[in-house]
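Shared between the two complexes below is chain A, which has chain B as its partner in the first and chain C in the second.
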Partner chain A sequence: MSDWSPLLAVFLVLPLTAAVLTPAVCRSSSTRGWAWTLVTMLVTSVIGGVLIARVATRGPFSYVVGGWTAPYGIELRFDEFSAVVAIICLLGVLAIVFSRRYAERALQAERIPYYYALLLLNLTGMLGFTVTGDLFNLFVFLEILSLSGYALVAISGEKIAEMAAFKYLVMGAISSLMVLFGTGMLYALTGSLNMADITSRLAGATQTPLIVALGAMTLGFMVKAALFPLHVWLPDAHAIAPSPVSAILSGLVVKVGIIGMLRLYQIAYGSGAVDLAGLNLVLTWLGALAIVMGAFFAVFQDDIKMMLAYSTISNIGYIVMGLGLASTYSVIGASVHVFNHALIKATLFLGAGALIHQTGKRTLTDLAGIGKAMPFTVAAISIGAISIVGIPPTAGFLCKWYIALGAMQAGHPFFGFALVFGALLIFIYYIRMVNAFYFREPRDRAAVDVQEAPATMLIPVLVLAILCLVMGVLGRLPLTFIEPAVERLLMPVGGG
Partner chain B sequence: MIDALWQNLDYAASVVLFCIGLYTVITRENLIKKFMGLNIMETAVFAFIVALGVVEGGDAPIAGSGATPPFINPLPQALILTGIVVAVSTTALALSLIIRIWRQCGTIEADELREVE
Partner chain C sequence: MDTEATRSLLPLLAFLLPMAGAVIAVPLQRASDQVRNLVLAAIAATVAVIAIVLGAGVASGSVYELFILQLTPQIWMYLRVDAMGALFGMTAAVLWTLALVYSWGYMHGEHRLGRYYSFFILCLAWTMGVAYAGNLLTFLIFYELFSILTYPLVVHEETPEAMAAGTKYIIYILVGGTLVLLAIVLTFFAAGDQTLTAGGILSAEIGSGRLLAIFWCFLIGFGVKAALVPLHGWVPDAHPAAPAPFSAVLSGVMVAAGSFGIMRVMFYVFGADLLGYLGVMRYLTWIAGFTVLFAAVLAVNQDNLKRRLAYSTISQMAYVVLGVSLLGTEATIGALVHITNHAFMKGALFLCAGLFIRRLGAARVSQLDGAAKRMPVTAAGFAIASLAMIGTPPLSGFVSKWYLGIGMLETGNPWLLAVLLGGALMAAVYLLPIVYRMYFREPVLTPEDKATAEGREAPGAMLAPLVVATILTFVLGLGASLPGMPVALARMAAESFFH
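The block that comes next holds the complex of A and B.
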């Protein structure tokens, strides 16, 4: 048996190096930059696939950077939750393919090389965040992906883009500080930065500082995840960013906050040093509030991307509520919803991007009747809309079903009710969108008299839409994959 | 209570600094002042973490310098060195955003910008 673990380092170093080199490579031609980024991401995806296959057959494994053994050196650790790299790679590849034509029109030519570089950097940051086993390394990757995220929001050059990016930056920087502060506290308590090592040393730690540390980090990750009421930066930033970036930000970057919370849970539950019931209750309530408020705001939006952004807030609510309920079913549902929501939201944002690219319009009023001109794109968006409402047999159904089951299992049927109520509100605004695209008379015929989107845009959207359906049918697959990890996570406190 | 505060004066100072920074971020309308508040918060967290590693009467742990134990823990300092690099990049990005906001909207006061939007 050969040792595969160095692949884990290649997995991060390759896209990181390629990202830095991107502006030099595509100085003269944006096509070359596109191809360079795409090939890098494809190779990275293949490596990611190998790593996931390995974790599926042999369980979690780690790589020791520079030969300094854990807990002294930085440890890269790949476990079941790290399998989320699958969706990061997939969306990364598809967003890059989509950018080919989109970037040419939406961005100034001299910014395109930097656009690809930042996109790759952002993806690398997320990959690193999910596989690192070191708390400070986690912070560094968090900053890599956040900083590139702020710049990507501002890159479109639209009038309020810089302001949206600045708002995002201030909130993001404060939340990163919270995470750093918590990291410092945990280091003071345990003398270690390695997550597994911290877990084993935490038992018997003084309660107050431990709660402050976990609280600060959770707060930081809540801002990153845009959990209501800390979501104020999200709608503008996600709506104003170029559409492929919106897909990445909405589908993946907010999930980083969720993955961060999962990592914290691994530490807190694993050590058994602290009772999380209070925190869980807060998370459950905030999640339920986020579901309803996000959906409520979304109903009143006319701008299609703004609506999708508010829908993200609502869906983050589902995930956080699932985590907060802390029963086996709800945590499984939440983990899988991280994956499925990314898929669905990317379908919707890329589809919306294709509509905006072809028509130059972005409100539901202006886009009425577009279904006849761009049948494939609108069909894909409709599939996305059905999935996000959670109608079987699409991808969104299974996770919400599991979270609802989890609410029953935890003995809080009220939250199951909140979930269904939220789903109804979501149904209202998505049906409004689909209705406008298909059945409403166009306000201005000339505006919607356009061609179907070019192949590089249409293919990613269709692939994602088909995956939304496939994941609905094959939904058991990720569930059975994540189940042992969740059971291991919740075991020490006897949850489930 | 006072005694505990006095003994942990370094931590108390960073908490105060953090609150001053947060207050500045929330109350100031000028974007540059807002961001200076953020820088103060960053400094507070950095100072807190560096203070974690200090040992009373400790020496800098440099090999061959003739220093004697006890040593100051160098790890927090290494971490904060990275933290400072991150803070500098955040600052650079924020300032360049502010310049672009100024060019496009002619103001960097948050309340006036809301009207421009």
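The block that comes next holds the complex of A and C.
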């Protein structure tokens, strides 16, 4: 095959079309909707696999939409950071598998087709966001995934879900506007929307508007990423959404802000037009604060999904701190954690979803002693817990190790210190959780006298738990991929 | 060390086998007790045989190594069996096998046995990994796993006391583990990923400020595990709360893993020369010396037998750190040998304590009056192990203390003999009254006890591990100078530290 790049367009058009058709396809039966989205996502995953194999062997490549060459047309660009589509596809497939039984119970029957449609739309938005080479296109995909996200949070139709979705919507809309505003300013400065083109034209641009533009976009992306103190929308939205959606929101959607940030860094570092040291310092500090504050809030939660939501805030803190430190090791750590945290948090949210589905309870107090009734699910959650606090050799350790090393490399050992002790704080509430599930007497025996979760729920959870272990041991795989990309990213600023 | 290393799969097997055992323990539990017991004991015994084979090989001059897998582009997971690791591995595997066999009787009828056995055998895997780790990150992986995954064993009883002890345990251990991680990150940043090498991997060029930071992070981190005062808080709570067979390995091997870590850091990361140059050893001597005496004094007042033994462990393990802090060959031999000797003495004592709890319902020293009449074999085992602990020749405790004493004189610290003998004296003060009570006091019996006053001795399956541990205290004492015994391995190791 000479030119594989049209596959990149198929990669987006296929799930997008399928998502729009979903309600029509499964009008009568929720099982048909499930199968339809699952097959779509599986095919998309296969295409994603091919694209990743290509970028691994031959490096980044582009597809020019409609034959209009960049910088005028829309360019889809697949580089090493785009390999994050692997995790988007994986979690997408598993969340859809998991949804089958979960949606039947948690949602009204007439909403189920829309649920699948929105889920698929959300995943497509993320796929598009990661592979686009055009800033305005980036904004469009950001809106697709954000709007479908708001709707997914509200889909259960309960009053509290609508409230959470509204809060999410207000914060999300403001942040999208910031991104659009920044995009507009960059367009005004350079006359281009193509990222590569902007990068080459930005040198020598007037500083003040450039800084305002980058600042606005950073702010927008950081709201999406829920960096402390811009996190207020996250706990409610993630805790109240249906569990498969929580897994997607917490594992992936917040990462969109991070990927956006990486794209922004590609432009800013690549052009060399602006010194980001000040911004990086702020991000590093906020990251450190987020780790501690996320852990602090989580300790006081009794609702397991609320706890997991606050844990996401801490983990975003890790990632942002890694980006802010801007040394090779720390950015590698941050990039790897985008991937690994998605795995871990999805394990935890889907596991929690299985517990809630089987027992109808969602607080630690009510779920005490559940370990005996649902041994596999709780074992998977425990693996997730060990993983997220970064016990070697699980997936979470790589991030801790690399960012701590990166802090030394950047000459800020204090942040390495903050990181490892922050992780300690995080461990406290995960111990509470594991203690409650395994070692505490049940408060109400009847409540935890339930069956193990059905196979469509258990299998995704177990697959993810195993991946949490495997990705720790085989950390080399994502790393060999990401290292050259990070080195290329930081080369202009002499990182390393 | 320039010895040609031989590639060998045995060290890998030494931790893969127990891992497999942990996986099958739960289904086996459902099948039948007998099958589970036999399979797990066979696994532990195989690991012990592997450890001994490796030990014998190392004693004859080989070094074994194995690259397992590449964790990151910079770091390999790498096993390397040298004299020090082989000795620790042998000790751990043999004591584990004894404690496992003992568990059959002790844990019979307890709840959640699948979980208990699974984690019990799993921790053997991690311990073997700690013993054979060939670089710091591999060490950290196994060390953290084995610290954290022992938690289910500490809280096994699920009583409020056990839960409180478990919380205390995990917090101490996690803070310690975090400091170790920090130290390893600092070391990696200063020296890269290097095979642990006798003589050290750090050099003075790094600057003494950073070297001191690395040293103290390591020392405090491992010091929590090694129970150096004031980092010892978890030990006296965790031991009484845990089931007796686990207490035995907790005291005999787990606490020793902290001392083992300190030794790895001292001789394989820093090296004796650099430590001498940094001048930090005298502080360590003081800390360890104080720990020996302080913990021994506290032990005297404990009425709970397992608690008293726990304080004794703190005191005895500080001997190890005291020995290595002198940076002399003989003292280091004494320290290494003491880890092994202490494991079996303290193991025996905890096995006795468990038997007293199970057969007499006596967890407190004051309940042991006349126990020798009712449980003659157990009482004899306790008495012998106590004498060994005090350092009576020809038992094993004497050997290690002899080398420690020689080492103190050799390095010009005769005043430390006061600590050495003071600790031994205090051991007599806290252990011999128990022996006296057992043999020379009349039992206080309730009427329903009277009918069964005699014949409370434990069944053979529980006594066997105790008898073996007791015999080992004789063998390790009487045969100390034979080739292939711990002293020979320890000498090999110590001589590689101080060329």
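Structure notes:
Convention: the second predicted complex is superposed on the first by the 495 of 496 C-alpha atoms of A that agree within 3 Å, B and C clash if a C-alpha of one lies under 4 Å from a C-alpha of the other, contacts with A are read in each partner's own complex, and residues count from 1 in each chain.
Methods note: a residue touches a chain if its C-beta (ideal position, glycine included) is under 8 Å from a C-beta of that chain, and two chains touch if they have at least 3 such contacts.
Everything quoted here is computed from the prediction, not taken from an experiment.
Contact with neither chain B nor chain C is seen for A:68 once the two complexes are overlaid on the shared chain.
Touch criterion met: A:160 reaches chain B, while chain C stays clear of it. Looking at the superposed arrangement, the partner reaching more residues of chain A, out of chain B and chain C, is C. Legend: residue contacts after superposition of the two complexes on their common chain; A:392 is shown touching chain C, with no touch to chain B. Legend: residue contacts after superposition of the two complexes on their common chain; A:473 is shown touching chain C, with no touch to chain B.
In the superposed pair of complexes, A:414 makes contact with neither chain B nor chain C.
Looking at the shared chain after the overlay, A:300 reaches neither chain B nor chain C. Contacts of chain A with chain B, set against its contacts with chain C after fitting on chain A, share not one residue.
Of all residues in chain C, those touching chain A in their complex are 69-73, 77, 137, 140-141, 144-145, 148, 152, 155, 158, 163, 166-167, 170-171, 174-175, 178, 181-182, 185-186, 188-189.
Those residues of chain A that touch chain B in the complex are listed here as 136, 139-140, 143, 147, 150-151, 154, 159-160, 162-163, 165-166, 169-170, 173-174, 176-177, 180-181, 184, 187-188. By the touch criterion stated above, chain B contacts chain A in their complex at residues 22, 25, 31, 34-35, 38, 41-42, 45, 48-49, 52, 75-76, 79, 82-83, 86, 89-90, 93-94, 97-98, 100-101, 104-105, 113, 117. Within the complex formed with chain C, the residues of chain A that make contact are 386, 391-393, 398, 400-402, 404-405, 408-409, 413, 416-417, 420-421, 423-424, 427-428, 431, 435, 438-441, 473-476, 479-480, 483.
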